[in-house]
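Listed next: structures, encoded as structure tokens.
Both complexes shown next keep chain A, but they swap its partner, so chain B is in the first and chain C is in the second.
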Partner chain A sequence: MARIELRNIVRTFGGQHAVQNLDMTIEDGELLVLLGPSGCGKSTTMNMIAGLDSPTSGQILFDGVDVTQRSPHERNIAMVFQSSLLYPHLSARDNIYMSLKRSGLSKQQIEARIAHAAETVDVTRLLDKRPSQLSGGERQRVATAKAIVREPAGFLLDEPLSALDAALRLSLRAELVNLQKRIRTTMIFVTHDQIEAMTMGDRIGVMRQGRLEQIGTPTDIYNRPETLFVAGFVGTPPMNFLKGSLEQTDGKLWLVNPSIRMEIKGEFASAKPMKNVVLGIRPHLMRLSEAGSSALPLTVYAIEQLGNEAIVICDGPAGEKIRVVTQAGFTAPIGARLDANFDSAAARLYDPATERVVATDGAN
Partner chain B sequence: MSRRAAFWLVLAVVVAVIWTFLPMYWTVKYAFMTKTEIARFPPMLYPHAPNLASFFNIFGFDYTADNGTVYKASGQARQIILGIRNSVLVAVIVTAVTTLVVVPLAYVFARLEFPFKGKLLAAILLSVSLPPVSTLIPFYTLYVQLGLTGTLIGLIIVTLTITIPIVAWMLIGFFRNLPPVELLARVDGFSRFYVLTRIIVPMARSGILVAAVIAFLFSWNEYVYAQILVTGSNAVTLPAAMSGFLFQVPEPSQLAASLLLSLLPPFVIAFFLQKHIAEMHLA
Partner chain C sequence: MAHPDNSAPAPHRRTEVSNLSFALIISIPVLVFLLIVVAYPLAYAFYLSFNEIRFFGGYSADWVGLTNYANVLYDPSFWSSLGRTLRFTVETVILTLAIGLGLALILKHLPPGWRWLRALIILPWAVSPYGAGIFFAYLGRGQTGIGTSVAAALGSDQTFNLISANFVMEYLALGAAWNMAPLVAFFLLANMLTTPPRLYDLAKIDQMSHFETFWHVTLPPLRFTIFVFSCITTVLAMKTFDYIFTETQGGPGSASAVLTYTLYKISFVNLDLGYGAAMSFFLLAVILGSTGILYFIWGRKEERQ
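Let's look at the complex of A and B:
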């Protein structure tokens, strides 16, 4: 277990920036999820933490000690790779044993450690099987046992669940979180699946084009996304965006566009007027009403029934798609006119030029 | 499948089997027949009085038939015996050297990145695509100057120029398809050499075995170079020695008998390695 610090990490591949000026601290015993679309640099970042790749510049510290030049083995990290990679020609037991072969432990110690690791993830009865004889979920557990048997400073997982079917992912997700809390290891989990990130992480680091967009708790990331990208990437269904300008009249701030004029309340009420602005509002925070009753006119495009709720997908006044979550069983003919309203205090404002949240005078 | 389709399918298989096995059957038949029986027209469809005369003759023994006819030992016998010894020697050495060279070579090409990799790979493919005949004359003149004609070492060197590129080409493809266990090995703290010898080689066992067999068969069956470089010398190989039955004194029965002998090793190998060959195909 260790506190892992990245200081101003840069990684370039042939002039292309894979990771740019990354600063990040992962606390001892924390589960950090690196989330982002493919090619965003999250796997490169993990490989650099592991020592499989070296940064072009910058420092990596484990518990304050610079390990930038050390090999993965010297860093004492453990890693579960995509599709739970194992040595295909070795039994589960030997696969786990390979983690300790270079450890210098005695035979008895090694055997005790293997037995304990196998018990922790419940693979004792699978120890004599080869990877090809194991199911996807069993392979994942064996790969986990191989990782924890080392009692690593950091436990890194690179999309280990992406090749599994949905039901299995769901149960293994919970298993991994449960395990991480039990053994209190520092864990870094890479995924492109925002639901996986939300459900597993103590904190989430959202990456895009080699940069860390935002790092914070799942609640933070969901409720207070700092950038347009994070706002659009996290959350199902995704956040709705309305374009317009910010105008100040009568000491109040208004979002204005050809179809609406709405007073901005809450933390953004103190923002400065600006020509172009994007308002973001979660589909769960919008309410549908009869046409003509409020400011945002919509046309029904499709309705998705989820059983516990329904998602109404509408065409907005500027042609954008607006999603509204409403009660299950809601019906309306395609093409019907509806209105939507929402409390502007719950909305977020972004500057489309910087793609960042609009500055306010408040504490934020 | 409908009955009609099944019928045509079976017919196609039967034709293919006959197409493949008829020449082999003809060879087997010849081996147990006498010269006069072979010369008969219309040809006998099977040996009416099968005898082992040719098998004795090619090893230098006279053979007395039941009716008292004596079939004389072949004058080629010494060449055949030498040929068997040399063929085994050359094939074993070529297989061993090829495997030792190609495993690390193929590993490097399949799993590592380095400058000029693409061009070097193309060079290997190019040497696979060259027909052996095209390098025959250069090799011959070079060998005459170096005094390597009529020597086993000369033949081994030439044969390696065929087996190494082909087997390397095969193994590169096989190694590429192995999972990226190098990552695991680095986390586990193993060296490159350990990864190759203790992880990749055991994982690629069947591929390497098949590659070695291919090298063995290429060497065992190699005829073009042997015919030019070692025929008539003490370094003669079996295919070159057998051709004596065709070109010096035509002896179809003895040719057939020695052909059958030369088929034995490949046959035995193929039989025992079926499982691995199938595995290689799957990978």
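Let's look at the complex of A and C:
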């Protein structure tokens, strides 16, 4: 278990920046999820933390000690790879044993450790099977046993669940979080699946194009996304965006576009007027009403019934798709005119030029 | 599995050819062809092996029973030829697989700009054994060969004949391996590329040595291919004739007279067809026996993996 610090990490491949000026601290015993689309640098970041790759510049510290030049084994890192890679010709037991072969422990200690790790993830009865004889979920558990048997300073998982079917993914997700809390190890989990990130992480680091866009608790990331990318990437259905400008009249701030004029309340009321702005509002925070009121005019495009709620997908006034979550069983003919209302205090404002949240006099 | 509704009549089937009949129908031409080109000569050779065939004073075939077979066992040139065949085979198999594996490892790690070499490396295999024999005969000769030119480059004025009685078999095996190894390399390379690259990262995290990484990551997917090529190369080496015929003609003296070459001399130079046929069945038995042994002590183990 260790506190892992990344200081101004840069990694370039042939002039291309894979990771740019990354600063991040993962607290001892924390589960940090690195989230981002493929090619965003999250796997490169993980490889550098593991010691499989070296940063072009910058430092990696474990518990304050610079380990940038150390091998994976010296860092005492354990890793579970995509599709839970194991040595295919070795039994589960021998696969786990390979983690301890260079540990210098005695034979009895190794055996005790293997037995304990196997028991922790409930694979004792699978120890004599080969990976090809195991199901996807069992392989995942054996790979986890192989990782925890080392009692690692850091436990790295690179999309270990992405090759599994949805039901299995759901149960293994909970299992991994439960395990991480039980053995209280520092864990870094890489994924491109935002639901996985939201459900597992103590904190989430969202990456894009080699940069860390935002790092924070799932609630923070969901409710207060700092950038347009995070706002659009996290959350299902995704956040709705309305373009317009900010105008100040009568000491009040208004979002104005050809179809609406709406007073901005809440934390963004103190923002400065600007020509181009993007307002973001979660689909759950909008309400539908009959056409004719003064709110956002929409045309029904499709309705998705989810059982406990319904998602109404609409064409907005500027041709954008607007999603509204409403009560289950909601029906409306395709092409029907509807209006949507929302509380502007619950919305977020972004500057399309910088793609960052608009500055206010308050905390931001 | 029980279907809730099994009262529904089974859909009417048109008369279809069963899989077995279909297989027979499409393979009959091949079976007939094999019967003509393999079974007939084999049966005829079997008939010959029980006769003494004479061409002088008119063709005659006299039934001699098992005499030819018994004579083979008392023939010292049979035993020495068999010894050379086994020596050539073992050396060829080891060299072919070692060179093939080495080539595959080199080809795998080629930098991106050099990948075209992967296609080029197959060329030696495209040379017929007949051509390879002529090629290696020139290369090995004392006057024109590589041994002498290497010695000259090192400042010596001696000639080195690689086709000499003491190590002609090794030289032959090297040439046979040169001919065959590229194909082995090609197949091994294809196998190697199926290993997920992340498995090497796992080996790094487990701090495996280079040898352990080779043993636990690189080698396992290759083992079955290596077994198959051991069998193929064994059979090919045992029945090699044209390559040795063009390279050394069994010489110097009879230092490279392997069983196939001795058979050729008995049957087609001395025209002792009955005796030659009997000896050829010993070669057949050796080939079947050795591949059988390879399968029982090695192949079955690989199959179970």
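By our rule, the second predicted complex is superposed on the first by the 364 of 364 C-alpha atoms of A that agree within 3 Å, B and C clash if a C-alpha of one lies under 4 Å from a C-alpha of the other, contacts with A are read in each partner's own complex, and residues count from 1 in each chain.
The working rule: contacts are C-beta pairs under 8 Å (C-beta built on N, C-alpha and C of every residue); 3 or more make two chains touch, one makes a residue touch a chain.
As the structure is a computational prediction, the values presented were derived from the model and not from experiment.
Colleague: Give one word, clash or fit, describing how chain B and chain C relate on chain A after superposing.
Modeller: clash
Colleague: Is A:I4 in contact with chain B, with chain C, with both, or with neither (first, second, both, neither)?
Modeller: It touches nothing on chain B or chain C.
Colleague: If we overlay the two complexes on their shared chain A, which of chain B and chain C does A:A340 touch? Say first, second, both or neither.
Modeller: After superposition on chain A, A:A340 lies in contact with neither partner.
Colleague: Tell me which partner A:S99 touches in the superposition: chain B (first), chain C (second), both or neither.
Modeller: A:S99 contacts both chain B and chain C.
Colleague: For chain A, what residues appear in both contact lists, the one with chain B and the one with chain C?
Modeller: Common interface on chain A, chain B vs chain C: 50, 52, 71-73, 77-79, 81, 85-89, 98-99, 101-102.
Colleague: Touching chain B in the complex: which residues of chain A?
Modeller: Contacts found on chain A: 50-52, 71-74, 77-79, 81, 85-89, 98-99, 101-102.
Colleague: Within the complex, which stretch of chain B touches chain A?
Modeller: Residues 179-181, 183-184, 186-190, 199, 202-203, 205 of chain B touch chain A in their complex.
Colleague: Inside the complex, what are the residues of chain C that reach chain A?
Modeller: Contacts found on chain C: 196, 198-199, 201-202, 204-208, 216-217, 220-221, 305.
Colleague: Could you please specify the touching residues of chain A with respect to chain C in the complex?
Modeller: Of all residues in chain A, those touching chain C are 47, 50, 52, 71-73, 77-79, 81-83, 85-90, 98-99, 101-102, 158.
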